[in-house]
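Here is the structure we will look at, set down as structure tokens.
In this document, chain identifiers A, B, C and D correspond to the written order of the chains, with residue numbering beginning at 1 in each.
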Amino acid sequence: MQTIKVGIIGAGRIGKVHAENIAKFVPEMEIKTIADPFMSEETVEFLQRLRIPNIVSDAEAILKDPEIKAVIVCSPTDLHAEYVIRAAEAGKDIFVEKPIDYRLDRVHAAIDAAKKAGVKLQVGFCRRFDHNHHAVYEAVRAGKIGDVNLVKISSRDPAPPTIDYVKVSGGIFYDMMVHDFDMARFLAGAEVTEVFAYGAVLVDPAIGEAGDVDTAVVSLKFANGAMGIIDNSRKAVYGYDQRVEVFGSKGAVMDVNDTPDNTVFYGEDGTVSGTCYKIMWDRYTGAFAAEQQAFADAVINDKPTPVTGEDGLYPILIAAAATKSMKEGRPVKISEIEG
Amino acid sequence: MQTIKVGIIGAGRIGKVHAENIAKFVPEMEIKTIADPFMSEETVEFLQRLRIPNIVSDAEAILKDPEIKAVIVCSPTDLHAEYVIRAAEAGKDIFVEKPIDYRLDRVHAAIDAAKKAGVKLQVGFCRRFDHNHHAVYEAVRAGKIGDVNLVKISSRDPAPPTIDYVKVSGGIFYDMMVHDFDMARFLAGAEVTEVFAYGAVLVDPAIGEAGDVDTAVVSLKFANGAMGIIDNSRKAVYGYDQRVEVFGSKGAVMDVNDTPDNTVFYGEDGTVSGTCYKIMWDRYTGAFAAEQQAFADAVINDKPTPVTGEDGLYPILIAAAATKSMKEGRPVKISEIEG
Amino acid sequence: MQTIKVGIIGAGRIGKVHAENIAKFVPEMEIKTIADPFMSEETVEFLQRLRIPNIVSDAEAILKDPEIKAVIVCSPTDLHAEYVIRAAEAGKDIFVEKPIDYRLDRVHAAIDAAKKAGVKLQVGFCRRFDHNHHAVYEAVRAGKIGDVNLVKISSRDPAPPTIDYVKVSGGIFYDMMVHDFDMARFLAGAEVTEVFAYGAVLVDPAIGEAGDVDTAVVSLKFANGAMGIIDNSRKAVYGYDQRVEVFGSKGAVMDVNDTPDNTVFYGEDGTVSGTCYKIMWDRYTGAFAAEQQAFADAVINDKPTPVTGEDGLYPILIAAAATKSMKEGRPVKISEIEG
Amino acid sequence: MQTIKVGIIGAGRIGKVHAENIAKFVPEMEIKTIADPFMSEETVEFLQRLRIPNIVSDAEAILKDPEIKAVIVCSPTDLHAEYVIRAAEAGKDIFVEKPIDYRLDRVHAAIDAAKKAGVKLQVGFCRRFDHNHHAVYEAVRAGKIGDVNLVKISSRDPAPPTIDYVKVSGGIFYDMMVHDFDMARFLAGAEVTEVFAYGAVLVDPAIGEAGDVDTAVVSLKFANGAMGIIDNSRKAVYGYDQRVEVFGSKGAVMDVNDTPDNTVFYGEDGTVSGTCYKIMWDRYTGAFAAEQQAFADAVINDKPTPVTGEDGLYPILIAAAATKSMKEGRPVKISEIEG
């Protein structure tokens, strides 16, 4: 088995998730160094238990290390593009957390840097690797439903983020529905050409005061003629509710939510089965591992990455169009944004 | 459309159910007369609303009426055999509620009378006509599961009958599991050759004091080598729980309980769907209509009845064997009973 | 039991369905007369089997009959309003099939006539009476999901109508989604204030040539702040697919499709359960009976009808707005239509 | 975090599974040594990738190592008892794969040795740790179903083992149903007092020629009055089918099979969802990890092990009774075996 040495930039929540998954499930990758200027003692202990030899503060230790072949960028979002560019210049293959950036020029700069350097770039849209959503994708790709007519996505979080976070999040379309825009393109097998968005403040007035909405409904048009509908809510009391459905000329394929177990209780007041997961990391635990396995496969076996820089760009364009649509009360073409 | 005139003997609960279903759903049958010596005013009004022209006390009015081609026997159980014999002698086709009788000689006498007279005899094992159980049967008959290896039946009632009823019921195997013995033969496509029964008093000690058990588990051997397991309980707090499963060389087919509606509630404490039906007539409403449609079809189009006199006999033999097995603590062959 | 005599105007498909359901399931209503100028021999025989005493060609026989208290209008759509007005003038309570009319002035005239005459008016939005959709409604009304945030409806037919029908149907929003507009109002407990519609021709180009679309996605805004999404397709190869979901502050409630039976087959290639119904009358058989029971209850016990004239009007306003939205590529307020 | 050093005796299929799970999911345990006299090159490479420092042929290296606190016994079954005794004498806590042995005197000797030495002993009944079965157990223990009346277990394998294996397996009750006997005790919360067994050769005549059956149905009586039914088949074409159900005075709780994903396909020929797992290791992947986590917890925090030596003994007693019951055609009390 061929193995490569990798470095992880950023040891916050997602950095630790990737570190743990690589240590457990991706024997082809050996984490040589992880860098973060602000690590708690617990974080250091956690990383030591994963037997990572170099736990450092400065990402430079990774970027300058000729042994390190690939970099996992888990820094704060506003540094994503910078690290992508620097890692590309250092000739390293790159996995970068989503979004590459909210500023389109920065996104383009990052993509261009990777292309110019001839390095691989994979963006962390982890849901594509979820066992359920991926199985829907494969059924669609295998032609089981014939031509795609409609993509339908429900995506609801168990609880809204803090108001402080909402203020800097870029808004529900950039922060939350961006995952669904990626999923919509992924499942439809076509680009979104136009969107129409309704949004409302139904969960918490403070979210409205912070300039955002907490509930949104978006219609999509795809280049292949299909249409899509997405709904988002910041608060589903029953947990992470993420279901996708694709309807076509030969049938429909959909998934239902995972639950921690498959038990069913027959009681006087009804038949009760489990709720959705309440913690995102529990819900997508397999997906996070699978996306790193896919990255390792792309790097080691010189394959294209399964989520390219463009795959990182388009959902942001759609988010921009949806934001504009909601504000202006009209459908907005993606070409208006790109232009 | 050819139609026939029929008479109903007995206007108790089941007599009224058959009367209503024939009036609504079996246009080929016209109820000319219904007879019962003990009818309340409500019963008479109910039957009048069904536009039954002759509502009488004496069954003789039916048996002597040359216009009446077929008779539905819904009398008390201990008169079933007598009415079958008299109706047979009068040359009428006969539908008789289950069981034909608990006394084997009376069952044989009834079956023999029908055979001698050359009239049709159908026994009221209504569950064979249930949309779910019947669809399982059809899947098995169509060869979808290959050779039958195992038949598995759960059958639980929402609440036990009165202790007075328990005392005269003949016991759980004759009164309740007899339906499942019929279903087991029906689904296996083979006769039961041996049974082993465990019983216990777990629901109400008064049932034990009345000489019966309220919970029972029975293993079966079939003539074709397959095996079966049946469980019964007199009390499932969640309602009528009646599920069957047939497992074979090419797969398994099973049914799940009907519920009044198909809604699902996602709440904080779990995902809740409907309970089973709590009223037997609601659960098997379609089955009761379908068995009369089948009887009409047999009579008018001169086909064999779908539930013959022998189909009425065998479950009683199995019930006798199960009762003996439980008492004697050993497996009992059906041939011990028949002999 | 108090009973009333009713007349049915129109003995086409839906007229016969109502006649049969009333005969079987609504003992409070006695069909005295059914009128249709174009009845086949089979139709006459069918109606005779239901024991309807007067089978006539001219609706005048119903409108002039002082014994007839209520009228069921099942004529061709373009005569609905006229018969409503004439029946109202004759002082009869009225059940009219949906839509009252496609011309708004005619709808208003019909509603006004009923109001002026002080007679009851019920419109045939049968899906409100479906056991599943109604149970969702009741869960919402009972407060199980808290405040309504989102209504989500999928409604797909097994096969498109003939092109000839498409040409005169008024378009998918008037002909098909009108049911979902009614359901959306019913479930949200609020009026629709604005709609945005996308439509496409994905099923059959001939539908496009006839000036209609066969697939549509509509976003809704309700007066109470909630939002809605509806998708329609003229062709789901797996049958009638009609699911509703309401999401709110305390949870979500949804229904799944009815199937002819509840069996499940475990086979080598997957676990297979039943498909949706393929025939509309099978899918909504109970709903058609229930709406007539509700009408009888309203008439006999002098209650408001559960689907009023306004309930007949608003879905048509929404259909008009959706049609305009799709054509003009912008969201359309209902007030633009009403004005 | 306190950690301990462990050794693994045996590097066959199950030894490697435990090694991998401990390496990935049980940071509290550090595998110092693994011993097996017959390791392929692939096995050695696999173990090296897990970073196990000592890969040796002789178990003595483990038993004599004072640093090693606990031993995982994964040797061939007929050496289980011997290694348990030797590890106990060496003062090490012990995890031993099921069954401890098929010879009752050896089982007792092993249990006694552990007791005498005062070391912990855990037996590898992994299914108790399965997320579904465990959640059923917890619902029962929490009193959700009230008093237990009935335990119902279906357990079917995707394909029979080789005939060579069948010959030395001890028979279906020892080899396969022993898991279900353990599960029955676990779920009922009571000891089995009597069993009745039917067996048949329905899958492959060669299994019969080897002196075993391939399909079996067993009834159980528990000390608390409850009853049980278990069915086993060596061949379910649709995969591992393992469902448990517990019915009691307040309801029933059951689990359904895990599937690789939760997708549902609506097609013309039915609604298709996934099949059961076809590979045992995939089905119980989480359970194997969880039982080692539980063992580590018991050893490090000085808690009782969750599956004791007696828990290893009783299912073997029940298997002996079931074997005797099938041969002698009568119910057999467990006390007949123990005596």
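Basically, a residue touches a chain if its C-beta (ideal position, glycine included) is under 8 Å from a C-beta of that chain, and two chains touch if they have at least 3 such contacts.
Note that the coordinates shown come from a computational prediction; the quantities given were computed from them, not determined experimentally.
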Looking at the contacts, which chains touch chain B and chain C alike? A, D
Which neighbours does chain A have in common with chain D? B, C
Contact counts by the stated rule: is the higher one at C-D or B-D? B-D
Farthest chain from chain D, going by the mean of C-alpha atoms per chain? C
When centres are defined as mean Cα positions, the distance from chain B to chain D in whole Å is 42
Nearest whole angstrom, what separates the Cα centre of chain C from the Cα centre of chain D? 57
At which residue positions does chain B touch at least two other chains? 236-238, 241, 250-252, 265-268, 274
Note: in the complex, chain C contacts chain B through residues 1, 24-25, 27, 49, 51, 131-132, 134-136, 139, 144-145, 250-258, 260-268, 274
List of chain A residues in touch with chain C within their complex: 147, 149-150, 152, 154, 156, 196, 198, 200, 202-203, 215-219, 221, 225-229, 231, 233, 235-238, 241, 247, 249-252, 329-331
Would you pull the chain C residues touching chain D in the complex into a rising list? 236-238, 241, 259, 265-276
